[in-house]
Amino acid sequence: MTHHYWRKLVNGLMFSLTAACALTAVCVLFWILGFLVWNGGRALNLDFFTQLPKPPGELGGGMANAIVGSAQIVLVAAVIGIPIGFLVGVYLAEFGMGSFPFFVRYTADLLNGVPSIVMGIFAYAIVVRPLHRFSALAGGVALSVILIPTTIRTTEQFLRAVPRTLREGALALGASKWKSIATIVVPAAIRGVATGMILGIARIAGESAPLLFTSFGNQYWSTSLGNPTASLPVMIFTYAISPYADWHRQAWAAGLVLLAVMLLLNMGARVVLAPGAAHKT
Amino acid sequence: MAVSAALSESGAPERTADTLLARLRTGDEAAHLLTLGFAASILLIAGLLVWELFSNSVDARRKFGLDFLLTSKWDPVAGQFGALPFIYGTLITSVVALVLSVPLGLGAAIFLSELAPPRISDALTFIIELLAAVPSVIYGLLAVFALVPLLRDPIQPFLGRVFGFVPIFQGPSYGVGFLAAGIILAIMVVPFIISISRESLLAVPTEQREAALALGATRWESTWHVVVPYARLGIIGSIFLALARALGETMAVTMVIGNTPQIAASLFAPGYTIPAVIANEFTEATSDIHLSALIELGLVLFLLTIVINAFARLMVLATTKRGTTHP
Amino acid sequence: MGTLERSTLSGPPAAVPGDAAPGIAPKLKISRLNFFYGGYQALHDVELTITANRITALIGPSGCGKSTFLRVLNRMYETVRGARVSGEVLLDGEDALAMDVSRLRRRVGMVFQKPNPFPKSIFENVAYGLRVNGIGGSARLNEAVEHSLQRAALWDEVKDKLHKSAYAISGGQQQRLCIARALAVDPEVLLLDEPSSALDPIATAKIEELLFHLKNICTIVIVTHNMQQAARIADDTGFFLLGNLIEFDRTEKIFKTPSKKETEDYITGRFG
């Protein structure tokens, strides 16, 4: 009897222990949110969104240029990365049998695992060096190489999920292969594909390491894509490790804004995906 | 009728069949070639990446050879570039991260896949997966202002007093150092372990659980003795993926590692990692050879993560594809 | 056409049903058809003539090749890697295996086993085949869609919800929608691969009645594992076994006085 009792005890204990692990993980998110809302909320004001940074040591200023700069860099990355990622995803899903597609898929997976700072080195070598300057373009290129593999993977995944019988239905009506892909398969998968793209963009928007020596940073507005450009993640880094309390305060504010954008994009993407999933019978 | 007349217009056998044929054929082939071209560009990008890493580090590689990886003096001004402290730091912080995150992550994954009611499991999983979306700098922010002070004062001195007989808990406590970096890495890596392990556990067929339960096993016993071993390849794969991420993690680590290229036994000591030194010194590289050495470090990091990722992927594939582990 | 050869020994099967009036050219003439999936041969030397404006049923046990055969007629096998065909298929005397495949599929339509409407509205489903073949213009499409839905005996049931999702109607209605969709491009031949196997008896009856009327405007080839269905609606029936066409004749003959022992065994339920 006591052995049985012991087993029941262990069962209950492990339940509690593993539940505690899960709760701890969840608490981390609330820990992050708590700190950011508390410290960042206090520091957030209109100046943050409208002013340029002040020189070190001076109080005040904002990160308006970094917000716009981030948008510029992410836009460049999206313009390069989304079409490439999408078309390669189409290729792998629709024409994807054989050794060449296998190599492509494998390579994309490998690229997915490359640390982002190495992508920064890559963009430095192929954009910054030849142009002899830091630029939003270089930052965008670095981020696009991170965006492409994730876009490929989600595009292929959702295209493959379209039932074979739908494709056959289109072909049986006389549609050519590419027409059936463009008018039936892609529209059927579009929700998932779009979600993957949104999540990919959300990820690169938060990246800082690849921008350190590609888009670098800028105290002022960046007037063209060929100029060094400030970005929100890099500013957070720079300000956080500085010795100025006022910069620390602004770093919190920036962190709050960045996290808010991240969470909104992520939750928004899942909401977009959910109704689509229910639509299929 | 109107429709068939229209159809025979566009598809009239004799005259327009050839041009229609040609058009249609080029349509399909054009689509194939277009997407094929883009697919080939992926191979091109990867090749270019490898080539750039190799060619831009060639000066350092030729000059230092294998000593680069084996010596521990990093003094750019004096032209000495030994990478051992960075390799050490990268590995140590990752090991600390895994030691902390694997038990926690696995426990949470087990809870979420086996023991929790489905609605709670889904809600908690959703939150945990959001954690994976938090940018590295934000973890860094928290590490600098919330974690480091905690370590510097209550925690590390406490560990030093209680466990000070072990070398890893000796020495002065600055707050920043290997332990701080290891802890924040653990926090960053836990969502991945949970997510992938949970999926591996969910992939185990119900029949396995039922067989154990039917023999009188408790839920925990069925989970620990049957389900977890069944899913072990996927779980191990998740650990390797987490390791690969930890190795390459830059921002949060850079902010709390202490920026001191040294090899020290104590976790309280400040150190350095490969991504951290690249992040800090790249834009201020004093000479061409300095830059070349940093890029060589990037190459080392690249190769390391590629190997571990490839290995990890194989394991995860083995589980989800066959859904079975063979002893 | 010539006289019919009947043999109780294993000789070549009758290729043309006995009642075919002389002078009517066959709609589809299949000769020496062999089909391979990689190294595996799924069809052996099939010879068959399908007559216009009749319902031809293909029956046989699972895996006998009847669906494979059907899919040769509109070259759907081309989506499968390693699939190979040899022999001749003539549509109104034209080489079906060599002509442009999109054109072939406009003339030879297909309805699948499980209803597969597109994730679009009912209207857009029926209009799809037209749009894809270059027919535009809302007046024309409206007229064509209504006409097809009428021919599929579905118009009255869906005329008020043309722009609702195709998934909002029942399984039987979805299958009739798929028939309407196939009819919209005015095919000369309609292939149906076990079209009612996923449907309840009432829906099945509706479809059978529909096919009966449809044979006036096109030629129908239906694969079915349900012998009673073949007996009910088909004019001609072919029996497949292990990739061979064992016997092909008027339905009445096949079911009442089959020439081959294998046919008789299958009909009487000794196997399959």
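For reference, chains read A, B and C in written order, and residue numbers begin at 1 within each chain.
The criterion applied here is as follows: contacts are C-beta pairs under 8 Å (C-beta built on N, C-alpha and C of every residue); 3 or more make two chains touch, one makes a residue touch a chain.
Being a predicted model, the structure only gives us computed values, none of them experimental.
Student: Could you say which chain's mean Cα position falls nearest to the mean Cα position of the entire protein shown?
Tutor: It is chain A that sits nearest the middle.
Student: Quick one: which pair of chains has the most contacts?
Tutor: A-B
Student: Let me spell it out: compute each chain's centre from its C-alpha atoms, then which one is farthest from subunit B's centre?
Tutor: When every chain centre is compared against subunit B, the largest gap points to C.
Student: Taking each chain's centre as the mean position of its Cα atoms, how many Å separate subunit B from subunit C?
Tutor: The separation of the two C-alpha centroids amounts to 54 Å.
Student: I'd like to verify one number: the distance from the centre of subunit A to the centre of subunit C, where each centre is the average of its C-alpha atoms, in whole angstrom.
Tutor: Averaging C-alpha atoms per chain gives centres 50 Å apart.
Student: Quick check: how many Å separate the C-alpha centres of subunit A and subunit B?
Tutor: Taking the mean C-alpha position of each chain, the two centres sit 15 Å apart.
Student: Indicate the residues of subunit B shared as contacts by at least two other chains.
Tutor: 24
Student: Could you list which residues of subunit C touch at least two other chains?
Tutor: Answer for subunit C, listing residues that touch two or more other chains: 102-103, 106, 133, 185.
Student: What residues in subunit A touch two or more of the other chains?
Tutor: Subunit A, residues with two or more chain partners: 176, 179.
Student: Provide the residue numbers of subunit A that touch subunit B in the complex, in ascending order.
Tutor: So the residues of subunit A in touch with subunit B come to 7-8, 10-11, 14-15, 17-26, 28-29, 31-32, 35-36, 39, 84, 87-88, 90-92, 94-95, 100-101, 103-104, 107-119, 121-122, 124-126, 145, 148, 152, 176-179, 181, 199, 202-203, 205-209, 212-213, 216, 233, 236-237, 240-241, 248, 251-252, 255, 258-259, 262-263, 266-267, 270.
Student: Which positions of subunit C touch subunit A when the two form their complex?
Tutor: Against subunit A, subunit C makes touches at 74, 76, 79, 81, 102-103, 105-106, 109-110, 112, 114, 116-120, 128-129, 131-133, 165, 167, 178, 181-182, 185.
Student: Could you pull out which subunit B residues touch subunit A in their complex?
Tutor: 24, 27-28, 30-32, 34-36, 38-43, 45-46, 48-49, 52-53, 56, 103-108, 110-112, 115-116, 124, 126-128, 130-131, 133-142, 144-146, 187, 190-191, 194, 218-221, 224, 241, 244, 247-251, 254-255, 275, 278-279, 282-283, 295, 298, 301-302, 305-306, 309-310, 313
Student: Mind listing the subunit A positions that touch subunit C in their complex?
Tutor: 97, 163, 165-176, 179, 183-184, 187-188, 279-281
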